[in-house]
Every structure is written in C-alpha cells, then in structure tokens.
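Here the structure is laid out as structure tokens; the discussion comes afterwards.
Order of writing sets the labels: A, B, C and D. Residues in every chain begin at 1.
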Amino acid sequence: MKLKTEYRVIYGDTDQMGVVYNANYLKMFERGRNEFFRQLNFSYRKLEKNHDILLPVVESYCKYLKGARYDDLLEIITEVVSLNPVKIKFEYEIRRESEIVAEGYTLHVFMKNNKIHRLDKDVYNNLKNLISNQK
Amino acid sequence: MKLKTEYRVIYGDTDQMGVVYNANYLKMFERGRNEFFRQLNFSYRKLEKNHDILLPVVESYCKYLKGARYDDLLEIITEVVSLNPVKIKFEYEIRRESEIVAEGYTLHVFMKNNKIHRLDKDVYNNLKNLISNQK
Amino acid sequence: MKLKTEYRVIYGDTDQMGVVYNANYLKMFERGRNEFFRQLNFSYRKLEKNHDILLPVVESYCKYLKGARYDDLLEIITEVVSLNPVKIKFEYEIRRESEIVAEGYTLHVFMKNNKIHRLDKDVYNNLKNLISNQK
Amino acid sequence: MKLKTEYRVIYGDTDQMGVVYNANYLKMFERGRNEFFRQLNFSYRKLEKNHDILLPVVESYCKYLKGARYDDLLEIITEVVSLNPVKIKFEYEIRRESEIVAEGYTLHVFMKNNKIHRLDKDVYNNLKNLISNQK
C-alpha cells in the first residue's frame, strides 16, 4: 500500500541554492509516515500515549534527484516495505507532478523504556493486517 | 552584564534570498541564553533536572537589520534586562564585526508541572546575584 | 479579510518540552502569508520572478499562549493589517480548535536590487484592491 | 585526514523524545564539511563566488546510534573518502566524548549553471593535494 500526502514548500525550507535544503526532505519523510499511520487509522500518537512505545529512526537514506522549489506542491508517497515485531522500514518518494524529486527510506525500531521492544502479538498483528489489507 | 558567544552560519540557516531565514535568528537567541547561563556557571540543564523547572518563551521579538550570510561568523550578545521570581527577559544583538545584523528580546516564565512557578528565594537570589555581580 | 490555512504538527517541529519550538511558529506565519497571497490569486512567486521584488521580514513578534503538540492540526489565520507602497504588515493567529495557541505579526518591506522599493502604482493598487475587496 | 569541529546542542535541535531530531544530524554533517574546507584553507565560499561552482548533496545516509541531548557538546569528525573531478564523498562521525552518537556520509557533485561540472585540472589538483597532504 502506498499512501499519499501533500506538502507545500515554504521559504524556510529552501537554502541559498534556491532549492529545498537536504535535511528538510527527512522532515517530509516524517510527515509521510505520520500520515501513513493516520490513514491506517492506527494512531502513532496512541501507540506512544497508551503503550509508551516510541519509534525512533535508526537509519535514514535520501537520494536527491531534482531540487524542489519554493511554493512547489509536493506529493509524499509512503510505503512500508518491511515489518517485524521489532523493526519497521518505510520507503518514500517525493514527487512534483510526474517527476521524482527525492526518494529514500527510514528504518525504525520499537522502543519502550529506552530498550528495544518486541511488539505484543495483538498490536503487531493489528498493524500487520492493516498494512496488508490495504495492499 | 553582556555575554558573547559565536555562531558560524551554515547553508541550512539560509533561504533562497541568500540570507539567514527569519526564524533562525530565534535559534541564535536561544544559543545566546544557553551560553549566558553556562558562563554564569548556573546550568539551565540543572534547573530542569534538579528542580523540574522549565523556562518557556512567552514572547519573542526580532528586528532584522542586515542579512547574515552563509559562512558568516556571528557574535551573539546576550543580556538579562529584567528578572523577578516568575519572569526573566533577555535582550540580544547579533553582530557581524561592527554591524548589528539583528536584535530582539525574549520573555520567559518559570514553569513547574505546567504551572507558572515562583522561584524559591535561594534559587532566585543565587540567580540574581550571579547576574548583578558580573555587571 | 482573514484567510485560513491548516498545518499538521510533526515531531520535527517539537522540542524536548513536548511542544512546538518557539522559532517554528514563525515558519507557520510564513505559511500563512504564502497561502494568503495564493488565495488572493496574487502570486508572491510571480512578484519575485516577474518584478524581482522581494518581501523580506524586517520585524517579527510572537506571543506564545499554549503549547501546540505533535499531531495537532492547527489553523493559521492571516490578515493584512496595514499596507502602503513600501511596507506590509501581517497579523497571525495560530488556533487549535477554539484555543489560540500563538499570535503575532510580521512587518515586511518591498525590496528590489537590495534597496527598499516603492511598488508601482498598478501593482500596489492591484494588491490593495484584492485585499479590500475581500474584507 | 579527519578534521574535527564542535557543536553545542540547543533546545531547537531536540524533539519531544528528548533527543536531537533525526534531520538535524544532516545539518551537523554540513557544519563538518564547511569546517573541513575552512581548515584546508580551501574556501567553499570562494569556489561558489569565484567559479560559480556549487556542491549539492546528491545522497545522504545517517545511522543513529545514541540520542544526543540538549546541551551536549558534540564533536563532528569529517573525512573525504573519495574524490574525482565530478564527485566528492564525505564521511562523518558525531561523537560525545568516547561514544559515537551518529555516523553517515554525503555524496556531492560539482555543478555549474545547473549542470554537472568537471573541475578544472588546477582546481581539482589543488583540492586533491590539500586533502592528501594532510593525511
């Protein structure tokens, strides 16, 4: 399942080269995965609040293909490409109409009390089903 | 007492006008007041950790006079202009050699458990003396 | 005329106090005025591209009333409160449902070739009418 | 040659997990490579100004090992791991005392007039010698 969300570039996202600054694509990736969870109706906020589970990024990669510019309306396309009870990997495409502006991935671990956490079977299955059902 | 610290501008601070983006001066203001506390040997981090006291910004003001540019080595000059047991106000100047690039202030309240907090007499006096002694 | 746009808070906007970092409200103000121009059908991008006119911020002020939190859907309400051929002032309210989270203003000058620029009569009248008509 | 520079974490770098937000490490990487050029006495700013050559990031990778925290004094260690007349690759380590907090790389191409640019022999040799001499 690929989920889409939009993002409008502001001045504050650009740098003096006139394009979006490299680090700011990682913020778009975050926006993509937040929206991903929301569209699944699986609130990451609830995971945090009710289960004290955090999902920090352990790796990020981004390939910059075209410079996104001020006022561009970008599309952030997000997909889960692997999931197990301790890790989840997302892939992203940032598009401006038909062009891919940037693409990349983030790898995350589930954490609880500062330790890597294995998701409970029900939470894991719930998440897994939600993702598969929509494929 | 005016305390000084330096900051080197990176690409990520600029926007497509070729100068530092307006919001990023507020980050320099924060850098100034952190260094202010450190040079007083009054650790804000300790205030947070040992007393659970936070110091959120309740007002900020910035006047942008010159555009700071990539690679500029700026000087952040910080001063406490008023202090009472519940509030503290800082003023800042951002300089590039003899020019003032930006100036402004931030107003803060002491907070504990999500409520405005009146500093204990000893903490307050300690802070007040530290600031006055150095004038 | 007050124009509204929405913004969803990401992790990257928050700081360790658990609320949106003070400087990031200025980015929302920018988002508000960009959208303001877009809804007027007066493209700021065109002003830049066709007329080489820039609109840098010369003053910003923000009052922080409530902490906006991760995943909050905020409403940015933007209004022009004064306009003349060299300056424009915007006021902003950031709302979360019925609460005002932050409010402030930015003051801008029209600039061309690094100098303050007086808008041509037609551009100025066009902009002024657009703003008034919608009141 | 590995070059070191320091960076003090501010509140604005952290997120509500209480650690530095993932995208902000890429800004430290930039700070590392700027300082790298400066210590070589090879000004990137001059490359831009005198030769109109830009050095955009085409790939970035970061592995997050420990969470850097507010007020941490980090060491950014930067190294060129490959160089040819069109590309340059940097590797980075972000350290807090003896611990590696994050590590990663960025890949860059030389660009002129929006096209990939092959460095002139003298500029290239100059850069190459500077890097090798210091190994």
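Keep this in mind: a contact is a pair of C-beta atoms (placed from the backbone, for glycine too) under 8 Å apart; a residue touches a chain by one contact, two chains touch by 3 or more.
Only a predicted model underlies this, so the values are computations on that prediction, with no experimental measurement involved.
Participant: Looking only at C-beta pairs that count as contacts, which pair of chains has more of them, C-D or B-C?
Facilitator: B-C
Participant: Need the most distant chain from chain D, centre defined as the mean of C-alpha atoms.
Facilitator: Of all the other chains, the one whose centre lies farthest from chain D is C.
Participant: I'd like the Å distance between the centres of chain B and chain C, where a centre is the mean of that chain's Cα atoms.
Facilitator: So the centroids are 25 Å from each other.
Participant: Taking the mean of the CA coordinates per chain, how far is chain C from chain D in Å?
Facilitator: 33
Participant: Among all residues of chain C, which ones touch two or more of the remaining chains?
Facilitator: Residue numbers touching two or more other chains: 11-12, 17, 19, 22-23, 26-27, 30, 70.
Participant: Applying the document's contact rule, which stretches of chain D touch chain B when the two form their complex?
Facilitator: 8, 10-12, 26-27, 30-31, 34-35, 43-45, 70-71
Participant: Can you tell me which positions in chain D touch chain C when the two form their complex?
Facilitator: 11-12, 14-19, 21-23, 70
Participant: Could you list, by residue number, the parts of chain B that touch chain C in their complex?
Facilitator: 17, 19, 22-24, 26-27, 30, 54, 56-64, 67, 106
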